[in-house]
Amino acid sequence: MKLGVFVSDYTITVDTLDRLKAEKLGIILVANGVYHATIKENGKTSPLLDKTPNLYVLSEDLQTRGIAESDVDKRVKVVNYGDVVDLIFNEYEKTAWL
Amino acid sequence: MATLTIGVFPGLVGNMAYDFALKLAAAAVDKGHKVSIWFSGNATGSVKANQKHLKDYSTGEKHLKALLEKGVEMCTCEACTVARGIQKPEGIEGIQWNAMHWYLAKIHGADRVLHIGGE
Amino acid sequence: MGDVKLAFVVQRPQYKGETSRLAITHAIAYQTVEILLEDGDTVTPTLCFIGEGVLGLQKGQKAMDTYGITSTETHLKNALLVDLDVLVCKEDLEKYGIPEDSIPDAEEMGADKTIRVVPFSEIQKAIEDAKHVLFF
Amino acid sequence: MATLTIGVFPGLVGNMAYDFALKLAAAAVDKGHKVSIWFSGNATGSVKANQKHLKDYSTGEKHLKALLEKGVEMCTCEACTVARGIQKPEGIEGIQWNAMHWYLAKIHGADRVLHIGGE
Amino acid sequence: MKLGVFVSDYTITVDTLDRLKAEKLGIILVANGVYHATIKENGKTSPLLDKTPNLYVLSEDLQTRGIAESDVDKRVKVVNYGDVVDLIFNEYEKTAWL
Amino acid sequence: MGDVKLAFVVQRPQYKGETSRLAITHAIAYQTVEILLEDGDTVTPTLCFIGEGVLGLQKGQKAMDTYGITSTETHLKNALLVDLDVLVCKEDLEKYGIPEDSIPDAEEMGADKTIRVVPFSEIQKAIEDAKHVLFF
């Protein structure tokens, strides 16, 4: 299955993402999930960024928090709301908001 | 054109996941898709009319009305809403009130579903 | 469009917010959805509990006595009475040391279905088989 | 007899921390203490009158009225409440409406404070 | 300071309890916090129970969840709402809800 | 009773729910509380940010443009303008790699106070010195 997963928190309290298998997995970082793309906790990038090459972060939610796009990890693509709509319809069959 | 059904459970003002849902719905409609939104849990508080749009608080009513005008179908979980003391005449005009099966019926016809749980 | 399969996946414990309970009541609503659908169209949810979602499912809940609300136990029994498939993750019950026989059934109410304790792989399969998946 | 001020931010129905706060308030009054409760955030939704007491949902209004009768002082954050579309005439009678400084003033006079944050 | 801390979740997302120092620390397990008193995750009791000898769990919240008092760790005292009121006024000066 | 010291401790990030923002607005309300108190009585909150509470404090927030709401940055500036003590945990900024100079000030608006980045021990002290502590 092609699964697009929305991550909206920095501390994730569920282990679902570690267990679910998908042929194509996308991670879309929104709300406070954007910190996964920008913070190096104790010098290390978020382990979430190693889970899949299909990584996206919502530009509006970066701007809200005063975070520059230049602070985003190079593996993560910056997208806007319109792009998220296209991801949902064109790249993934199912979505999950964890 | 495809159809997207969004289920929103976190509450307006109290949770920015709600704001995300409304913005996503607007973006999908702008791209020519058909969108329906189901409010349940705390999100049902947002169908109350006459919300005061203070700058310190996420605003709901004007966004909901704009989405209604754009043809987005919206429905609130009746039980969740009346449990919060909001009766139908006090609701924003144009938002439907129905039982939980409304959501399932919309999901039946949807190409994509985004279910936003949480409080 | 015929039948549309759904996976309802509860990953948070009962009795904090209401979302984990609403997962059950929304799944139960599949029973009446036909009034809004064309003839022959149906929706079939499978209700799955994983992670901390397996907390709050045990027998003997006194939620009505303590807080005046319907217990999750009662909601689960109602789910079985309307023939919902209810799956609980075996690995997670083991992780938290919850015995399988503490999970309620609705046999005394005449339900044919029982809650099935299954390995996560079976829940993964329910998610794959579903057209849409809803995480609570 | 001592005084306890409780601040409640999570919402009725949507969060059982709210139920905890009300039960604790009742228990404190039963032991002869003086209790005041401040509602802010999602908890302000609970001051709406005419809540339907469905068994599937935490009930609020009857508990709030019982607490008022026992002499518990209660106040809702006016800004949080009107942002949710609830106006004063729609509120439960006897619950005060005020600005955030009401909470600070009650805390000033309190022996103990229990502040319940969260949504 | 004498601090009574209410824990209302099983997964705690803040590390405040690990950092705060108090001469007398009490932990009152309520709501889904009661599982700290009853669950042995992977066979181990909750690390929370090692933090202080002053441990309490709310009986009403055990009953709500169908948990018997016999399942409560022996270090934890079962209390009711009235007892919690007494703890707040008599045993601690400040409270924290984490 | 004179002055009552309070510690407001924000331990969750801004921009999820509203509680972390309400911490700031409730602290600011200390400025007008005198109308409800006896002469000479005051309340003095110290606003502390620890753990994930240090997230969402950075300069340059566009919350009004993106979501139509007052930014936390603006609320923090208002807090400084009314002479609140605002403490941010140094260890947590370091943990998340957030530079100290990304924290806003309100100098251009004429505020005398600045946000102080301090070791956790100083926040522990504020909590000890306070009569009551409020965790957001």
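The first chain written gets the first letter, and so on, giving A, B, C, D, E and F; residue counts start at 1 in each chain.
Just so we're on the same page, a residue touches a chain if its C-beta (ideal position, glycine included) is under 8 Å from a C-beta of that chain, and two chains touch if they have at least 3 such contacts.
Bear in mind that the values here come from a model prediction, so they are computed numbers and not experimental data.
The chains that touch chain D as well as chain F are B, E. Set against one another, A-E and A-F show the most C-beta pairs in contact at A-F. We define each chain's centre as the mean of its Cα atoms; on that basis chain D and chain E are separated by 24 Å. Distance from the chain B centre to the chain F centre is 33 Å, each centre being the mean of its Cα atoms. In this assembly, the C-alpha centroid of chain A lies 28 Å from the C-alpha centroid of chain C. Residue positions 8, 11, 13, 31, 60, 94-95, 97 of chain E each touch two or more of the other chains. Residues of chain C in contact with two or more other chains: 12, 15-18, 25, 52, 67, 132-133, 135. Residues of chain B in contact with two or more other chains: 13-17, 23, 41-42, 56-57, 59, 80, 112-113, 115, 117-119. Going by the touch rule set out above, the chain pairs that meet are A-B, A-C, A-E, A-F, B-C, B-D, B-F, C-D, C-E, D-E, D-F, E-F. Those residues of chain D lying in contact with chain C across their complex are 13-17, 19, 23, 55-59. Per the touch definition, chain A reaches chain F in the complex via residues 8-11, 31-32, 35, 39-43, 60-61, 63-68. Per the touch definition, chain E reaches chain F in the complex via residues 1, 3, 13-16, 19-21, 94-98.
Contact residues of chain C toward chain D in the complex are 15-18, 21, 25, 64, 67-70, 75. Contacts from chain C toward chain A in the complex involve residues 9, 11-12, 50-52, 120, 124, 127-128, 130-133, 135.
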